[in-house]
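Across the two complexes that follow, chain A remains constant while its partner is chain B and subsequently chain C.
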Partner chain A sequence: MSLDTANRKVVLSVKDLHTDIKTENGVVHAVDGVSFDLHNNEVLAIVGESGCGKSVTALSMLKLLPKRVSKITQGSVMLGDLDLTKVSDRGMRKIRGKRIAMIFQDALTGLNPVHRVGDQIAEMILIHEDVTKRQAHQQAIRLLDQVGIPNASERADRYVHEFSGGMRQRAMIALAMALEPEVLIADEPTTALDVTVQAQVLEVLLEVKERIGSSIILITHDLGVVAGMADRVLVMYAGRIIEEQSANGLYHNPMHPYAWGLLNAMPRVDEVLSDHLASIPGAPPSLIEPPKGCRFASRCPMAEPVCEEVYPEVIRVARSSVACHFADRPDWGRALWNAEVMS
Partner chain B sequence: MLRYILRRIAVTIPILLGISLLIFVSARQISSPEGQLTLNPRIPPEAKAAYIEALGLDRPWYEQYLTWLGNFVTGDFGVSLVKNGQEVWPIVQSALANTLLLAVVSIAISLLLGVILGTVAAVRRNSIFDIVATFGAFVAFSVPVFLSGLLLQLIFSVQLGWLPTAGIYSPGQQGFDLVDRVEHLVLPGTALALQLIAVYSRFMRASMLEVLEADYIRTARSKGLSELRVISQHGVRTALIPVVTRAAIDIGLIVGGLIVTERVFQYPGMGLLFLDSLFAGDYPILLAVTMIVVLSVFIMNLVADLLYAVLDPRIRFA
Partner chain C sequence: MSEDDILVVENLTKNFDVGRGQMVRAVDDVSFSVKRGETLGLVGESGCGKSTTARLILRLIEATSGSVMFEEQDLLKLPTNEMRRLRRRAQIVFQDPYASLNPRMTVRDIIGEGPLVWGMKANLDDRVAEVMTRVGLNPDWAKRYPHEFSGGQRQRIGIARALALDPTLIICDEPVSALDVSVQAQILNLLTDLQDELDLTLIFIAHDLSVVRHISDRVAVMYLGRIAELGTRDEVYERPSHPYTRALLSAVPIPDPVTERNRARTMLEGDPPSPLNPPSGCRFHPRCPIAQQVCSEVEPVLGSEAVGHPVACHFAEAIPQV
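For the complex of A and B:
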């Protein structure tokens, strides 16, 4: 896995993206100024706990959030020279599936239960390409075969509930790769799967990436998946990116206290397990009226008065970045977290 | 699948027996076909006795019932007690045909309109259209047919003179005439359809709202499909399943359940026949009507279940 992303072409560039979601309790600033570049053929992971804005970021890029309740208020999503935030609905239809495809968490609910799996893949091919129904169907069978579904020609005529968990997710990947998109967004692709099947599905995903030469945005809260797959990692917290690192760097040298906490909370096989699993005490702040200072301050063991008052500037260190007032004192973080766990 | 159907049929037989017994006993208790003979002084007593004996009305009730049952299971519906000894089956058959025509035509039209209204209301949730459709549905559903039917007659027959008020043919009409038949079908059909459209559109709206939230709708959009295609191919196709099966059940129910509508429009169907034979104590007709109603409810419920399996590949019978 090369970490030399600087020389690679940028495929997708998100700049200062803001997405609001209307709820009964008020407007949630679910994505609040997210920026990142996705390079050619890399796997970029977005990690964070539930509700931190990972999925909303992904759905905003494809403008798949319901218009009734959501709005991109600021920022841009550049796919090549095209700003997707300014593209019409009709224009977006030519992007979706064709240039950016999405793999959702649970294929059992993500694929239509009353249409045959092969037909659902063929449907997309027919919409975007000038082929006959028969050709599209043959193509669907080929794709199912490529993602390792045995007996693909027979399986293509089956319904999604007749597939096992791993096979479903393979079918979902076959659908996403059908038109060889530049970008694959995988939103928790293995969360619904057995651990034993997870690795196989991720393997298929990497194979597909190599075959069609696309880039992957991998959304997950599973740091184990990140370790095995990602080149670079974005850590999101409360609607913002608080740390960006190479996957290796994040594991060996996390900079933000939250990243420390996340890693700390991950049980490891090479360490003796203490009598309870570590966790980060507290809950993320409401994103209806987010605090003006650092959003992690209320849960942070090393927080000082300045953290509550001022949102930390993003500090760039080599190819990494972090938003913390005390990013230069990482050892503190670990010591304080350990003290927290012990107490 | 075949086992499932056979099991369902087996369950129905005791139900049919029980209901026929119940109807027989209550019909014999509350009305008396021989009564009008007894009261009429111009009929000689010997003729009365002969009539009563010929129809077996003097025998114990269980004997009468068992005789009826024996004939019924061999396909003999018997003769009417009051309509000059006419065969029951042709009378019931013609009523059944009339009611089925009304039911099927109304349900087909209601289903089409209900699905369209419900889908649009769900897609444009909380829009003016949705609010008007919701309000209209509650009004249409709440107004009973004896009121809406009379209003329809008042407006379209009495005031405007466009359509006939009652019956299935104009007076003096001989044989079949399509235009005349359809003209007589419009008002009772509309009275029925108003309620059915209300029901189906609400049903479809609820079903569609649920489907629109589903993950596979989002997947369909992420494939780059047009909104029209997402709604029609992935939304309506799935949302339709409970509505269509509901309509199948309705056909079964309506075969026996149009008593008010048929009465208001003097439409010679099963409901009207049921009422007439009930008042006359004509239990051979009453029982035949009841048996057919029970059977049709049963058959259409079975059809609805099978339809469910055809439309939804997730469902299989064990």
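For the complex of A and C:
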């Protein structure tokens, strides 16, 4: 189901984005030169492990990071002709919700606990559109109904703590999609849910996306969820994109050793591959003073001296890209595996 | 109790009093056995009672009724001092490596606490160094505190602590669910190796069905305090016979876009019901795609007659295998 993105319109374009975060120990270069395009009506996944910068990328795009401790130091986020990094706070309020909306992992962060769920959705509609209170409320009920909340007219008057985990995520989808934004950023939208409920929520998300024709940036650590949802995938490691491919390409022919390791470290529910999983030794580097060479070099069983010295240039092949000095070596997957088993 | 069984749990039940005269049956009449040297996976969604079962076995909370036979004694009837003695042989590894290690104790003190309590004062440092090496930690780090370690390393400390008293049984309660996938693989590989080297028996509790398939010899699927299905890994994953097991397995995403997008999926409606007020008859019937009248009236028993391994469903034999 890989989409032909070549002929699709670019709705959002991120170029060379850098975000710094101040901490007690120094400045963390959390996002360090990230560039990608989001095409019309596609699902683009950003995957990576904790601390790789995937959430900070999303929050930077919406300018939701606290100014006191964080700063976009370089780069642009183009939504149409508009560079979001240059838009004022006031201006961003008109864009958030209306043109780009976000769903969070934890609905208790995304929804206000002291307002009725329906009122919160109605409020957003009222702010952005010329409707009466009554119309806004009716619309909120319709939206809740569309995301599969049973008894929506009665549930709209409830508070978020009265909703189950799955219902909360549905309500957050209803809120995010209320104004039919061009872009929806979903940050770990199902991570806190049980697997049967996760399946329901993902289905609702795709359904709503098709109905209003928006594009989704799906941020997750779960490669299974990505396989079912994404058209294209960006793999992030230590603040940078190390590989970009169609979902099919990535899963069947990963180019970066880290991507390979990640895919083979996951046990599968449909088959038992081996007694031992591929595991990646060690941990990601500190982003306060990141290594000058390839950031994965210290964990990579294929690394050679050049990897420690020089950050690999991003190689683009058709619509894929990879940042590895040895991405063209056909035998490295096996090498990585053997190194792991023997260690 | 067959000779191979190291642990036999029978009719284990726990009611929690939640006030206003209400009771939650967190674990309801659960029976299973674990063979020496095997890994039993205990799997289910949040609130199904899997962690409570673990805690009941070790008497970290007291059971309402039932029995837990371990090394020929009923743990639930033992006086405290004897229970303590047996806990040397049965240890636990917790989910959260951030919350389960005392931040004010050094790694040496955390791992050495058990042996010290049991009077192994001589050679304590050697013992600590030995288990640290075994779980892949540098023994030179023994003087450090938990906050100086990454999540994966902390989980290794938790495992080292469990190993320090030479247990025969280790209960792992969601030991990898707080970890990133590459680190998760390190810990799963470590557990597999330790089991082979030390002839350990494991009860592995997790909500992640892929992880449970990878590590378990046998698997028990729990739903709302009860076991829905129990069998070897292949029986449960290749021939799932409870409609809940099937729905659960079909909901787990497979990391392969072609397979994932072309598979038939049994989508369950709604959330698991509250254990405060479980549905009548079969607890799964309100969400079950094949429920009949009888399912809401009669609670099915866990029986092997229908498909050869224990399943608690009135229609286990009627479901065609896919």
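Operating definition for what follows: the second predicted complex is superposed on the first by the 324 of 343 C-alpha atoms of A that agree within 3 Å, B and C clash if a C-alpha of one lies under 4 Å from a C-alpha of the other, contacts with A are read in each partner's own complex, and residues count from 1 in each chain.
Note that a contact is a pair of C-beta atoms (placed from the backbone, for glycine too) under 8 Å apart; a residue touches a chain by one contact, two chains touch by 3 or more.
Being a predicted model, the structure only gives us computed values, none of them experimental.
In the superposition on chain A, no contact is made by A:Asp81 with either chain B or chain C. In the superposition on chain A, A:Asp130 makes contact with neither chain B nor chain C.
By the touch criterion defined above, A:Asp106 reaches chain B but does not reach chain C. Contact with chain B, but none with chain C, is seen for A:Lys94 once the two complexes are overlaid on the shared chain. Set side by side, chain B and chain C differ in how many residues of chain A they touch, and the one touching more is C.
By the touch criterion defined above, A:Leu223 lies against chain C but remains apart from chain B after alignment on the C-alpha atoms of chain A. Across the complex, chain A is touched by residues 125, 214-216, 218-227, 229, 233-234, 237-238, 241, 311-314 of chain B. For chain A in complex with chain B, the touching residues are 62, 64, 68, 89, 92-98, 101-102, 104, 106, 109-115, 123-124, 127-128, 159, 161, 175. Within the complex formed with chain A, the residues of chain C that make contact are 45-46, 150, 152, 180-186, 188-189, 192, 207, 209-211, 213-215, 233, 237, 247-249, 251-261, 265, 267-269, 271-272.
Only residues 1, 49-50, 164-167, 194-200, 203, 221-228, 230, 247-248, 251-252, 261-263, 265-270, 272, 275-281, 283 of chain A touch chain C when the two sit together in their complex.
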